[in-house]
Every structure is written in C-alpha cells, then in structure tokens.
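First the structure, then my questions, so here it is.
Per-chain residue numbering starts at 1, and chain names A, B, C and D are given in the order in which the chains are listed.
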Amino acid sequence: MKNVPFKGIIAYPITPFDDHEKVNIPLFKHLVERLITSGSHGLAPLGSTGVMPYLSDEEKEAVTEATIEQVKGRIPTLVGVSNLTTEKTIHHARFAEKAGADAVMIIPMSYWKLTDDEIVAHYDAVAGKISIPIMAYNNPATSGVDMSPALLKRLFEIPNVTMIKESSGDVQRMHYLRRELGEDVAFYNGSNPLALAAFSAGARGWCTAAPNLIPELNISLYNAVEEGNLGKAKDIFYQQFDLLKFIVSKGLPRAVKAGLSILGEDGGSLRSPLQPLIESESEELKKILSGLR
Amino acid sequence: MKNVPFKGIIAYPITPFDDHEKVNIPLFKHLVERLITSGSHGLAPLGSTGVMPYLSDEEKEAVTEATIEQVKGRIPTLVGVSNLTTEKTIHHARFAEKAGADAVMIIPMSYWKLTDDEIVAHYDAVAGKISIPIMAYNNPATSGVDMSPALLKRLFEIPNVTMIKESSGDVQRMHYLRRELGEDVAFYNGSNPLALAAFSAGARGWCTAAPNLIPELNISLYNAVEEGNLGKAKDIFYQQFDLLKFIVSKGLPRAVKAGLSILGEDGGSLRSPLQPLIESESEELKKILSGLR
Amino acid sequence: MKNVPFKGIIAYPITPFDDHEKVNIPLFKHLVERLITSGSHGLAPLGSTGVMPYLSDEEKEAVTEATIEQVKGRIPTLVGVSNLTTEKTIHHARFAEKAGADAVMIIPMSYWKLTDDEIVAHYDAVAGKISIPIMAYNNPATSGVDMSPALLKRLFEIPNVTMIKESSGDVQRMHYLRRELGEDVAFYNGSNPLALAAFSAGARGWCTAAPNLIPELNISLYNAVEEGNLGKAKDIFYQQFDLLKFIVSKGLPRAVKAGLSILGEDGGSLRSPLQPLIESESEELKKILSGLR
Amino acid sequence: MKNVPFKGIIAYPITPFDDHEKVNIPLFKHLVERLITSGSHGLAPLGSTGVMPYLSDEEKEAVTEATIEQVKGRIPTLVGVSNLTTEKTIHHARFAEKAGADAVMIIPMSYWKLTDDEIVAHYDAVAGKISIPIMAYNNPATSGVDMSPALLKRLFEIPNVTMIKESSGDVQRMHYLRRELGEDVAFYNGSNPLALAAFSAGARGWCTAAPNLIPELNISLYNAVEEGNLGKAKDIFYQQFDLLKFIVSKGLPRAVKAGLSILGEDGGSLRSPLQPLIESESEELKKILSGLR
C-alpha cells in the first residue's frame, strides 16, 4: 500500500530515566533493541508509553535520534511529534523526517477543544512541511477531542495523511471508518483490550506497549489473524487479556517498568509526578506474568 | 451443555397490533412462522422488540401461548417474563413454563436502582418457582442497572440460571465474563452492531431482531464463525452492518415494521406513543435493504 | 397564575405495604395527614417516592381516591398518572380528574426512546381528554429521555400543560427554561440536593419526599427564599444537605421508610424486589437525623 | 482569613499575540489595566483563558513579570504555574514568587491519570519550595483527573495550600467541600454559568474571564450576593447568563478576543491551531453584547 509502511505489531518503547530523572539514552537503546529482536514489525518512540508530553524539546530530539540509530532500518519507525501548538508540531515533524523516521504520528492535542476546521488546518500546516506519511491518531480520552470518521475523511484528503490509529475504545468506530473511508483504509488499533475485536474488524496493525513484556503472544495473535484462524486467535487473545487489561489500567509507563523489573530487566526510573506501582500492584503483575510462562 | 437450549441465531419477533392498537395474534403467528422457516435457531417472544413492557398481563399470556402453538417444538423458545415486581415476574415465569417454553429471559427492571442483594433475591425467588432454565439479561440502557460479572457469578450459583445475554455494548464485558465464569459460560450477544466482535470473543449465540429482515445474512455470519473462518465472517458482517446500525438507532419495533412493509410483508400497527418511521427514514431503510439483494 | 395551583413545598408520600406486600390504605392516609399538618403546600401521591410503577391499576386508583378523601381540599393535589402507553395514561389521568385531583403529573416513560413528535402527540392526546392542568416532568435518569427546553416549549403550546418539574440534576437547565419559556414559567425543582440552587434560579416550588422526615427545615428554606434572604437560606439549606443526599442515594422509598421508623412512625413494608436499608445504612440515617434536632 | 488573599471577582486576562503569533506584552499590559480599572478584585494571568499551556517557559516568565509590573500591588495576583512535570511546576512557582505574585494556582495536569498519592506528592513538592499560598484547581474536563473533596482535604494539610478553585460544573461539589473541609473553607467558583448557584452555596469568589467584556455585571452580581439580596442577585445573574454561556461554549480565548473587537478594543491574534470565531458566531456575540447595554 502506498505510503503505508506499517503492518502487524507496532511496539512502543518506554522512555527510561536515571536516578535524577534525566532521560537515560543508553538504556532506551537497549530497550529498543529488545523490541526489535523479539520480532516487532514496527517501532514507535515518543508515544504515550514513552511519556512524550513530559519531555523537553531537546529530550524528544535525543530520543528520536537514538531510535533511528538503533533501529538501523531493520523495521519502520513511527515517531510521535504531537504538540499543542502548530508551530511546535511542525518543528518536531521536520526534525523526525530529517533524522530518518519513516512516518510521524500526530494527535490533535487540545487544551481548548478544537473545531474541525482548526484540526484540518493544523494537520494541513504540518503535512505541507514534510514529505513522509502521517498517522492521524484519535484518542478522545487523551486529547479531549473525538475525531469523527467524517473528519478523518477530510484529513485523508491531505496527500500524506495515510493512516489512522483508533483508540476511542469503541470497536464500532472501526466499522464506521471502513464505511466512510473504504475497505482498504489503513487503520490501526491503539486499544489493547480490543486487540482481537479490532483485528476481526480488519485492523492492519496493533499499536501496543505489550511487546515490552509479552512479544511472543502479541505476534502469535497477529499471525493467527493473518491465517484467518478465528479459534486460534481467540485462544491466544484470551491468554494475554489479563495482562493487557492490567497494563492499561495502571498506566503503561508504570506497568511496563514494573513488568521489566519482574522479568529481570532494567526499566529505569519514572519522571515525577509519575511514581512506581505500589507493592500489591507489582505482586498482581507478577502473578499474571507467571501464569503466562 | 446442560440446561442451555440455545446456540446460534435467536430471533425476536415484533408484536403486531391492529388498527385499534389491539394485539393481532394471527399476524403474530405468521411472523413467527417466517422466522422459523428462514432458519432461526431459537425464538424469543416478549422481548424489547416485542414491546413486552407495553402489554397487559393478558396480552403477554396470549402472545406466549401463540408462540408455543406456532413453533410446535421445531426450535427452542425463550419467553420474556421480566417485571418490576418480583411477584409479577414469578407469575409470568410460571405461566411461560406451563405453556411449554424452553426457557425464560429475565432482566432486572428497576425504576428504583436495585442493590446487588435485591437482584440476587429477585432471581432466586423466581428461579425457585420454576424448573426451566433462566437467561439473565444485562442491558444497563434499558434496565437502569449494570450487572457486573461478579454479580452474574452470584446469579449463576442459582441452579437454573444458566445463560447470560449481554447488551451493555462493551465487547470487553464478554472477556470478563469468560474470566469470571469460566471458558464454557453460555453467553449470548444482544448488541447487534457488536455481532462479529462478540462471536470472535466466544458468544454462543446472537439475540437479534434482524432475522425479521435479513435472516440469510445473520445465519451466514454464524456459519462462518462456526467454521472458524475469520475472513469470511468479516465480509458477511460488513455486508449487514449498515442494516444493524439502522434498526438499532431507530428503535427495533419501528424499524422492523417499516422493513417488513418494504419487503412486502404486513407488520401491523404500533401501539402509541410509538409511531411509524417518518418518510425519509423509510427511504433510507429501503436503500439499505436494496443494497443487500 | 392561571392554572398553576402549586407554590412552595410539594410533598411526596410513600405508598406503604402490609406484611403480604398489599397496599395499606389506612396507613397511607395517616402518612398523608402527617404531611398536611406539618405544613406542606401541596401533595403528590403516585410519584417515584410512591412507587407508582410497581402498582396495579386498581392500586393506583385506590391510592388516588384515598388521597383526595384525606386531603379534603386543604391543599392542592398532584397525582402521578404516567404510563408507557398513551391509552393507559389517558385512563389514569381521567380517573384522577374525576376523583378530584387539582392536577396530574406526567413523565414521558419510554422503554423505547421516544422522538420529540411522539412525546408531543402523547401529551396532546392526554391533555385533550382532561381539563385539569398537567405538570410535565423531565427526569432523564428515570424516563430514559431528556426533554430539551425547546421540546418543553412545544408542550407548553398545549393549553393545559402549564407546569414543569425539572429533575435532570443540572441547575443550568433552569436558566434555559426561563430563557426559552419566559421569566414567568412555572418550573419546579425535583432534585433534592439542588434545592437551594433551584430556588436561587427562580423555581416556584420544590417537589420532595423530605417532608416525610424534616418538614420544618424544608418549609423554612422556602420561607427564607421568599424573604429573599440569601444568607439565611444558605444556612438552612446546609443543615439539611446531608439528609437530602442520603435519601436520594439510598432510594427515596427505602430511605423514607427507614427514617419514619427512626422517628417512631410506622412506614409499613416495601414491595419486592425493594428491600429495607441494611443495618449500617439505618445507623447512618439515625446519626444524620439526630444531628438535626 | 490567613493566607487567603482573594475575595470577589478574580479576572482572567487573555494572552494576546501579534501577527507572527508572538506574545504581545504591551497589549497584554493594556488588557490587564482595563481589568483593574473596571473594578476586578484580583487578577489571574496564565490561566486557561491566558492559553498558558501553549506558551514557552520564557513567554510564561515574561507574562508573569508584565503582570506584576502593571498591577503594582493594587489588587492581589494569582499566577498559573501548572505543568505536567513536578520539576517544571516547581520552576514556575518559584519564578512567580520571586516576581512578586501573591499566590499561585496549580491544577494537577495529567496526561497519565495520576493517583491520589502522586497528586499529594506533587503539591507537597511544590509547596515546600515556595512560601506564598497555593490555590488547588479542580477541573476534570481539562486535567483529566477529578480531585474528590477527600483528596482536597489531604492537600489542605499542606500548610500553604489554602484555597480551592472548583470547575467540575457540579454545584453539589461545593456543598461537599463545605462538609468535608469546614464552613470556612475558601473555595472559588470557576464555572461561569454556575456563578449564581456557587455564590448561593458560599463561594468566596468567582474566577472568570467575563470581566474582559462585562465587568459591571460581574461585580454587581457579587455585590448583590454580599448584601444577601437573593432577588437582586438573580436578576443580575440572568442578565449575563447568555454571555457566560456563549464565552464558555466557544472557548474563552476565542470568545474574549472577538468580544473585545466588538467593544472596539484590540484583542490581538490567537496562536495556531486556535483560530478566530467565524462570522456567524461573532454576529451572535454582537447581539448578546448589544442586549446588555
């Protein structure tokens, strides 16, 4: 598909911090490498999982460069460049392109709820300044604005807006997207607990932080779907459902960090005000992960 | 499965009225016959589609008897007996059993929001007075109370509460049911636009008014799921998605009646305050149905 | 004001049952008498507090007649006659008028969500069959339909629809009513915890079950508002706020019955599935009531 | 009241931009002067109205300094210093204190929903680094987290957290605050359309952008409340209700800028992606403002 570089499992690394809450780039690279060698089909730094909104401009740029360096073109990269202002979004999108990203992801962040026209103008302004494709990201819980299928259709008239990530949590939305934008629309699921329903509805990929902890199960689910084997897909999905629910309910950066530690990996520190899971939560996660081996 | 008489497509007939807004039993029987001969696997009179809450006790009894007479044991029957008071629910449940129903469906109607203990006592009181199985029905939008998987687990300790119909519209709920009640829990989907997602999640059947209008598509979807063929299931589902959305958004009794008329069938009158679809709505439905032939 | 017989505190009696869950008419009359002698300005049987939807037609009629007999014209009466079907609503409205009610209250009950046109036709059909005034009641949580100020304006074109009871729980709605229907619109507050805000916004009366337990405080609040004394009104309101929140959160029939018992009065039994408050809840209520003496 | 420098109308200036979307400090000072001379009792730069989240650190600092310079101690100042990270919040809070602010306002911004413990630690960390008082701001729609009265009580154990701004839009919340934190709790209303209800409930002040357009009406409402004159307060409130609804529904920065232009004042430009009101919206605002003269 033209200008649609992603298919399958798109993995989201966390951004680890050191003891002084500074970004730990070497550890970040190590975590990226884990995601690649365990089979992820795409890599997406600076997402919600990567606490992008908590980083300074310089830190975002360092993470972008570290990603490209580490991935070395083995799989496509999708860099988060969303910002409240149009000017800053352009800045980060251009940086990502120059650094070598395959695509950028943009959610219409909106402290003040944006009108449809403002959203179109925002994407249009950014798209005009870069030539790599854009994944439009809909997540009302995070952005405060719910982009309707009709609005997404308008965005798709911009040549390099070619992909949609849907995280509204409503599987019906995916049905609407197909109806509004055609059977071949490249939409990706961003709601972990809806992974099976979304693939059943035709999602081209799954944007997820889960491969930090259970890459084999994530990839097996995708493979079963590719085979068209519903029974197998269902069994594999139910094996990972508890883990998916857990990491979403506790907040992905906190949960992934705790899970890495349980798996014997270093996940670094969090940046305040985010704090680690409390003991009882970690215990619950340990049980879920043990049950999966 | 013990005491679980349903699997597949459970069809919901409307209750047709004559020009004086009296129940038209002969027409009702004709509509029931259509559902049977077009292949439905179960039949459920006195549901929401059958405007049960708008009927008098005598009318409910007449509809129950007419159903059993017409079905003649060819497929299992599921009779709606829900009522605001426990006493009336018992009355209708006993009537249905005596008339020959295979099972009854009960939703915890609640003008005053019921506590979990009140709901358990309600089901327990009814279950103790009949020996046929009960399908517990969760539909917060209609009943005003959302029965959690934990509450449903309590209900399942009552011997003849053996089935669950889930219409909360959240496919994740079905995942929780399986986790809480075991892989073999007999749950049925009551949310039309979620048909594919629910079958993918393991629903044993689909409670739906759609077979009044598109029985072949409903049954084909079920068959594709039984074959485990995800691609085929997806294609068949998308064919009927617009129709499913339409009938839900307009209200099932109104939409089914209008659809029957478009198909050249008599759907009778509605009971006030319900009124027929307006012209433009019927035109929209006509287009959707034409597209399906 | 023409055809607007109510102002001030409109008290809602519970419907008490005997040990066999039959309506206890003598006890009902006693409870009505308490409300009158303690100073209520109007009386409204067969409301939500009076568990109207749980009663048979005969029981509703008996309660209507008992009310008129007991009140003997001392204060105006407002009888609840809402029903899912238009035919039954007409039946009960005519009965109430013949029995001597001063007005009837009608909420658009809607198992199937009604369209605006259906709601207007429903009120119109009922209004045409009686000559006493109608209070239109908006309570989305109970009826499943939220009547907009614009719809209420349409209803007000029906000559004997002259009053509005607002229970949407949003005080802004009252501001909209005034804007849409004029400064003199006769609107009443049905949300207990909003009593002060509603009076501040210009509500003509307060429809409440609280006078079963704390009539002096309810009436004092109204008097302070009539005097235009905001500071006094605020003090009196805050004294009763905890009690108002409690009775709403526990369900009015359950809470009023428990409160009567604490006050040494007989509130009768409830009808299943409704059950009495549990011990700890009654204790909480006892503390709140003790604090008010 | 100790450490509670605000009472009455706390006015929120917009942050105006020039044609290149740079902050226009001289125009900002002029707009601040207008708010002071028209009688506001307090001044709050860098709020939502002032598009604080869209500004760089340097711009926030320039706006802070310009405010203090212009106000010259005539009325107390409340500077917004909220940030996603604790470190940055501390930075801005210290800057505001050094610049001479009387207090700072902090909302728990939360891309990742914060736990109660994280929120307490966040406020605690900031409060420990400054000695001026903090107003804790609850606005679930903006911050994504709803601080319960119980949580606010925990925050009040921090010595210099002394004030609450409530913008949840639920007037009952103010009743709960009084119950949880005592009659003398210093709470302020941040929901414009609830101004009357909030003052009736005992709010000490009203945080609002309305004085940019209708300062006399805002101040008159406060004065009527101070006199305890409910009738007068109601009349004055209803005069401004349409304007309050309008500016909230269109977004405060957009609406205030358009209103200033209608009043013959320069409001500067907006920063993209925010765009001016469209023509029909400006016309509607013009009508509302004309009706108020």
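Simple rule for what comes next: contacts are C-beta pairs under 8 Å (C-beta built on N, C-alpha and C of every residue); 3 or more make two chains touch, one makes a residue touch a chain.
Since this is a predicted model, take the numbers as computed values, not measurements.
Counting hops only between chains that touch, chain A reaches chain D in a minimum of 1.
The most distant chain from chain B is D, comparing centres defined as mean Cα coordinates.
Of all residue numbers that take part in the contact between chain B and chain C, over half occur on both sides, making this a same-residue interface. For the pair chain C and chain D, the distance between C-alpha centroids works out to 38 Å.
Mean C-alpha positions place chain B and chain C at a centre distance of 34 Å. In whole angstrom, the spacing between the mean C-alpha positions of chain A and chain C is 52.
Residues of chain B in contact with two or more other chains: none. Pairs of chains meeting the touch criterion: A-B, A-D, B-C, C-D.
If you check the complex, the residues on chain B that touch chain A are 171-172, 175, 178-179, 183, 193-194, 196-197, 200-202, 225, 228-231, 233-234, 238, 241-242, 245. Those residues of chain A that touch chain D in the complex are listed here as 21, 48, 51, 53-54, 84-87, 108, 110-115, 117-119, 121-122, 125, 141-142, 144, 251-254, 271-275.
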